[in-house]
Amino acid sequence: MSRTGKSHKRLDGFQRLLLLLVICMVMLLGYIIWSTPGSKPVLTDAVAQMQEYSGVESPVTAVLLNFRGYDTLLEVMVLLLAVIGTWSLTEAFFPVQGSEISPVQMGAVRLLAPVMCLVAAYLVWQGSHLAGGAFQGGAILGAAGVLVLVTELPGLRTIPVLSLRIGLVLGPLLFTGTALFCLFITGDLLGYPKGAGGWMILLVETGCAVSIGLTLALLFAGGRPDKESIWKNNP
Amino acid sequence: MITTLIYSLTGLILFGMGFFTLIIHSHPLRKILAVNVMSTGVFLILVATAYIPLGEGEIDPVPHAMVLTGIVVSVSVTALALILACRIQETSNSSLPGRKQQGEVPEESIR
Amino acid sequence: MNWGQWLLVSILLSSFIPGIIIFGLPEEKHRLRTVLNICGSIAKIALVLIMDIGVYFGHIFEIRLSIIPGVELLLNGDPLSALFATLSSVLWLLTTVYAVGYLEGSPNRSHFFGYFSLCVTVTIGIALAGNLVTFLLFYEMLTLTTYPLVIHRGTEKSQRAGGNYLIYAFSGGAAFLFAVVSLQTIVGPVDFSAAGFPSSFIESHGAALILIFILLIIGVGVKAALVPLHGWLPQAMVAPAPVSALLHAVAVVKAGAFGIIRIVLDVYGPQNLLLLGVLPLLGGVASITILYGSIRALQQDDLKRRLAFSTISQVSYIALGMSLADQPLAVIGGLVHLVHQGLMKITLFFCAGNLAETLGIHRISEMNGVARRMPFTMAAFSVGALGMIGIPPTVGFVSKWYLGLGGLAAGNWWVVAVLAVSSLLNACYFLPILTRAWFGKQQEPWPEEQYIGRFETRLMLLVPPLITAFIVIAAGVVANAQVSPLAWVRFIVRGYTL
Amino acid sequence: MISAELQAMGHALFLSLVAGTPLLMAAACCTPMKKTVVHFLPLAAVPALVVAMTAPVGLVAEIGWFFMGGRMGLDEIGRIFLCLSGFIWLLASFSSRSMLKHNRNQTQYLFFFLTSMCGNFGLILARGLLGYYLFFALMSFAAYGLIIQKGTEKARKAGRIYLVLVMIGEVALFTALIILVYSTGSLAIDDIAGAVHQPLVFALLFIGFGVKIGALPLHGWMVPAYQEAPIPAAAALAGAMVNAGILGWLRFLPLGLTSYPQGGLFFIAAGALAAVYGVITGLYHKQAGAVLGCSSISQMGLITVIFGLGLVDHEAGLHATPVLILYVVHHSLTKSSLFFGYDLAASRGRILSHLQVSAILLPALALAGLPLTGGAIAKSAFKQLTVTLGEPWYGLSTFFLPITAMGTTMLMLHFICLLRDTEKRGNSERAGSGIIFTVSFIATAITLWLWPAAGFFVSNSLSWTKFWQALWPVAGGCLLFLAWRRFFIREKQTLDDVKKQTIFDIVLFRFGNLLQEKEWQTTQQGRFISYLSGFVPQLRRSEKIMGRWKVVGLSYLLLCLCMLFLLLRL
Amino acid sequence: MTVFQFSSPAWMVCPVILPLIAGLLCFLFSHRTFAIALAAALTNLLVVCLLTGQLLVFGPMRCHMGGWQPPLGITLRTDGPALLMLLMTAVTGLAITLYARGYFSYRISDPRRAGRHQRQQRYFWPLWMLLLAGLNGLFLSNDVFNVYVTLELIGISAASLAALSGKPASLLASFRYLLVSLLGSLTYLFGIVFLYRSNGVLDLGLLQNLAANGLGIRTALVLMSVGLLLKTALFPLHFWLPPAHANALAPVSAILSALVVKGSFYMLFRFWFEIFPSTITQPTLNFMGTLGAVAVLWGAVQAIRQHRLKLMVAYSTVSQLGYLFIAFPLARVDGGIPVWSIVIFIALAHACAKSAMFMAAGTVFLHLGHDRIKDLSGVRASLPITVFAYGIAGVSLMGLPPSGGFVGKWLLLTASLGSSQWWWALVVITGSLLASIYVFRVMSRLFVIPEGFSLKKSEPHFRLLEWPALALALISLFLGLAASWPLHILVHGTTTLAQVFVGGLP
């Protein structure tokens, strides 16, 4: 059994049985995939038809933030939830105290971080017509945040907790606010008013990108900041 | 056609492997990774479906949006799970001070 | 809602509201609690009497409340329910008075009296139930409301007894539920009516109906303590005496017996049962119970346990009467025993409680000469015991008489034999108690003599058994009068075309 | 109309007084008035005598509400019995009154005394089945209180034996009555006359009333009860209450209307055996009361024989009835006067004068049938009856009657001897016991002579042959007794019925032990739970196993596959 | 504005958006979080009542997100089952909100660990509000993929909530819960893939109208069902539930047991009974019924032998969930009341009763500092209302009349006996018998006041702990008497469901 620590070397009978079953299952599903070639999605045409009303040119963004914007709204909440969850669990423990950081790394990060922010902003803007958008931008931002965290630069650490919270909530709140605003204007949740779709989506995406970036960075930090907005084991 | 099939089957195999790892291995990190592999497999199949019916360059944007959402969800859950695992490790280590350096969660507790 | 419906509701509320208020009362306000209890019970008696009169003159009391299609709550005042309701409400008043005296100074009284009132509410509900679903509702609630009373003492033993009680009661309830639903799926919603369901179903669903009948009887038989299902009753004796009185005479056992009556007379109807041919089964079980209970009672030295086994035996007279459902005389005997057994048994339990509370006597072997110390209590006890044996002119004789006549009319000689043997056995376990108490010589001091006062015990403990003992004799002596349990039962039986 | 109703009410009240007076007085015993009750005790029996003397025959009163239909009435037989019982109860209450002056337990005694009196009177007047049964039961159970009065171990045992037998009798009677009522559909005694056909009912009635008169298999209570009861109570028992059994037979199996030869044979056999048995066992008793009890068994045996003869056919029944009543009257008076004599002896101690001894000897030998006494008249009537009935019975009586007479003589002499040895009971001499005895003695001596209804039998017995026939057994008995006393009596051969194991004990202890208190259903709380808890380790383990990821994976896979198979219909 | 009209379908978004905003605000602010949450819960209840009124007046409604009709956009809709679930969530949620307030303020009043408890409260509110939003979203959703997102929302917040207490046991349980939840979601997503491949639509309404007999659809259904079953903790996959539910904080336990499992079950119910009823075969239904039956018995037996109160209650959930599945094989019985409505009704009754029971258990835990069953004696003296609530909730779980549980069981019995499948009836009856054993095993302890017991005064905070539990228990009790009302809502206007079940099956 795996308890002995040799699990990765040899499989016992039970595990073999499991393996067999998994293989059966995979083969069965594979057969089904193979035998059902798939039909032409109804949606594709619809998306193509409605593209022009969506306010953006990229179909993916249109689906994400307009046609199925409600999904995305909830999804942003999922991300926020992850942060709340981690914060409720533990305090941040990164970075490990006392590890030496080479000056090269410091320098590189100092150089890279603003560039990454720029790239992120570009990606968000680009999202309206090409591949890109809030998530991509947010990911880059998050990476920048991680770099800053790794190098113990004061950037993130000195931000007060309240500001962090605001930053985290900014995107979702903006999104929800926009949705509600649309509800009042057009009677539909996220039903962007005609013509206003483009910039509203951009607004939402920008807010979300900031929040997503912050979220990812804070997830990396692995816990809540303590009260004085300074990481627990700040030297 | 065949491309999508290959993608799909690869995704399926990834799913199966992930699943097998999930149920066989007891280490929390492995489990988290296994789940990630599984989700990757599912995303792969999903992305593959986007190509199916259309010939020239056009893709179905809906699966893409779905995959994007899925990835975000996966990231969130992974993060949460990792931190949970760490926390479990911390608490179990604090109860067993001798094993602090080992970093291994007792298997019994995870099963 | 017309006045009749208000009456039904207020009959239920007259004990429910005091019960709820009592739950909220602090422990110290015993005076207020007593007043509430007594007022509630007097009001209930008055209301029930009004209903009796109404029923006698043919007024229809009925409330229907449909829950879902097929499940309807129906409260109904017919002569049979009036009988049970009157019995319960009268005995409740006495038991309340007794309990107030009995529990004087003991802890958790507001809890006790709260459940006490609820229990009676539920019992009256059983009496008034107009269909099987309503009956089931109150039947299950009865288990719940009596359980806290059974474990009132809080000892390990009482908890075990309570647990056992629950297991039995809930198993019975489960069987009952199963049967009720099955019956409904076959014959549709069943209201209690003199005719029973149409006999056309018997041809199509004979076997199922027999099975359902057995299940129904098992369901109510648990509370009525028919023999294989009686195990909880002797154990429940750990409860305080008023609770035992309540269990045996007013509520639980009676509810079971009443259920048997309802099932036989109103759900199936004697004619259908005759066609199905299941009545001998009931009769057999009842006879076995009668004899078994008596024999077991013989072996007990604990007074209350002996009384408990005696209850097992006596309540089955009712079942015996019902097993001869096509014979009006037997039905009269069974029905009237519902009242009579209640009166006699409550007397006995009051007296046993008096002995325990005043002198600390729990065992029969400690009772030598106790009648000299407590003559009135033992006089009441003797009346109850003689009634149980069936000595005229007590009420016990009246029921036996009608049962025997009914048995003969049905051509079942064994009924008379069972009655005779059971009388003998009853004598065997009651007469020694009496002789001990009256003519025995006190050899050692009473186990714990607690009360020394003007009367032999507290007045509130003394009066209820004397009243019930008086009724035991009086109801027998005036059995033939216009107003007596027997007369009412005859009135009931006239309503059935047997 | 109103006057008729009033009259009916008046009759009802009049008849109710007979049983009601003792009952009311019994109720008064439970109140602080009990001291007064003692003084007026004899008054309780007075209404009975008054009614018996004055009420017209055929007086009937209905009390509809009473106990499923109460019906009272006085017929000829009832009048005789009421008269007899009233007289004996009167004497007994006088005697009791003097006894009670020194007794602390008077309330209890009074209560039971009065209650049994009430029962006795009530059953005589009852014209309904249930009424008869009610008062019969009342009397029987109340008599238990009298028997046990002394409170000694022996008395309690005697009471217990009595109670068991009474209970058996009650149950038998109940069963018999219920069958009778079922088969006739009526609750009135008059309607069931001659309705008894089933052997079962016969047997049940024999048992039900036989207990009261000590018929043979059911005689066990009599000796100890007479021995242990206070003497006035014993007198009432022997003189009045016993008769209730006879009356019962007469009521439910009215002679002349019922004929049942086999049953009659059974009665005769049982009676004859009892007659002999009573005598033989009596000789071994060393207590006067017990000896009287045995004599009662024997005499009642004779009465049973008479009754059995009456059952042979209708004709015989008509003849037997007066004989039976005659014998009953004779026996009651004689036996009660013997008890009062015993009382006298007991209150005086050894110092009985010869006069007194010989005075007691008279009723004693009257019982044996000494010529010119009631006994002789009764026995000649008996013989006359057998003559009427024809051969087998006549032969029997010529053989049987002298033997019982001899035995009774021996028994009575034994009694007298014992009486002389009786130790003084009580603290002081009781006033009036002499007077009471005298009254009863006179009654015994003259009643039959003065009773017009018995005139036929009296005149019948007055002939030399009859005289001789009556005398020789008595004389022979005397001789035999002397011989027996001389040669056979031994100390160890005394019987003490009280110590015998009774059915009651057997039921209580043997039977109970057999069934051993096994709490197989009740001791274990929720056997179901304990049964479940037997599985606890397995359950816990399996639940743990189900939580393992591998097992989870397995079940997940299996679930997937199962559902795939089910849904895809592969 | 049209939006605020009674007839406006836009009210539908409120149950999602309001808790969402409340959650964000709760996270943002550190004070007055309770007030925000309470306001959201109350408004939620009001809106749901309004929606119910809407349903009764106008029948089922649809609300298109962003104004896009399906297949393009996402649709929310109300119908009977959805509204009943919403009502259940709103009522239970309100009670839990109040209870949680009492719970945390009691714990914070203990100075020793005030900090930790304050922190727990701090994060409890946003998590709970987002969970509420997720649940409401799930119940309203009419889109397969949207369901996935809401499931994730629920899963993550539930796992975080389960871990809130921070004890090792709860962390472990929560970790496992998270993984299971993820596995379930992935399986579900896998199912969506098949669904999308076969039909290319995600809207439930459209899926329902398709001739759904293809291999892909069936596979999709299997995968989605298995994923949902995993989250619903049906018998062989229930392993994660008891530790997660039992080790969480009391209000969290109530949420998890009463609401969260119902969410995934509700979707399963929709797929099986509304969307793909014609795809489902009777053997499959029997299979589910069998699993349900085993769950009923297994859960009850395990509950009987637990030594801790909360674990017992958790196992009772396993058992009670089985009842929902027992109704499956009876689905095709046509009678007075369609069986699918029974399922929802049972879920409703169970939600109220179980949350009341967990609340009571939590209060007892707070009061005594432990929940070992054998040491529970004397609680009645100090917490009479809690014990009463426990008892009434127990009555409903046991299925004694007149509780909601009784009516549910009655309907199940009627259906099973009416279709001559008496074995299900036997299981139902046995299950309730076993339930009575485990309920009263505790009850007998709670009721007893041992000799020389010194009364522990209950504190003012307990008012907020005791009354919500009692209220819910009473609701579960009187649900039986008012059963016709929820059943009326259920059937009202859901013609599609009704039609399918009365005659639309192969």
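Order of writing sets the labels: A, B, C, D and E. Residues in every chain begin at 1.
Please note the rule applied: a residue touches a chain if its C-beta (ideal position, glycine included) is under 8 Å from a C-beta of that chain, and two chains touch if they have at least 3 such contacts.
Here the structure is a predicted model, which is why all the values come from computation and not from measurement.
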Touching chain B and also chain C, the following chains: D, E
Pair with more cross-chain C-beta pairs in contact, given A-B and B-D: A-B
Centroid comparison with chain A (C-alpha atoms), farthest chain: D
Chain whose Cα centroid lies nearest the overall Cα centroid: C
Distance from chain D to chain A - Cα centre to Cα centre, in angstrom: 106
Mean-CA-position distance for chain E and chain D (Å): 78
Whole-Å gap between the CA centroids of chain A and chain E: 29
Touching two or more other chains - residue numbers and ranges from chain A: 15, 18, 22, 25, 29, 33, 38-41, 43-44, 47, 68, 71, 75, 78, 81-82, 85, 89
Interface hub residues of chain B, defined as touching at least two other chains: 15, 19-20, 22-24, 26, 31, 45, 49, 52, 60, 62, 69, 73, 76-77, 80, 84, 87
Residue numbers of chain C (touch at least two other chains): 159, 163, 167
Chain-chain contacts as defined at top: A-B, A-D, A-E, B-D, B-E, C-D, C-E, D-E
Chain E-facing residues of chain A, complex: 29, 32-33, 35-36, 38-44, 46-47, 50, 66-71, 73-75, 77-78, 80-82, 84-85, 87-89, 165-166, 168-169, 172-173, 176, 179-180, 182-184, 186-192
Touching residues (chain side chain B, partner chain D) in the complex: 19-20, 22-24, 26, 31, 111
Of chain B, residues touching chain E in the complex: 15, 19, 22, 28, 31-32, 35, 38-39, 42, 45-46, 49, 52, 60, 62-63, 66, 69-70, 73, 76-77, 80-81, 84-85, 87-88, 91-92, 95, 109-110
Complex contact set, residues of chain C against chain E: 23, 65-71, 73, 107-108, 111, 133, 136-137, 140-141, 143-144, 147-148, 151, 154, 159, 162-163, 166-167, 170-171, 173-175, 177-178, 181-182, 184-185
Chain D partner contacts - residues on chain E that touch it in the complex: 180, 183, 215, 218-219, 221-223, 225-226, 229-230, 236-240, 279-281, 283-284, 287, 301-302, 304-305, 437, 441
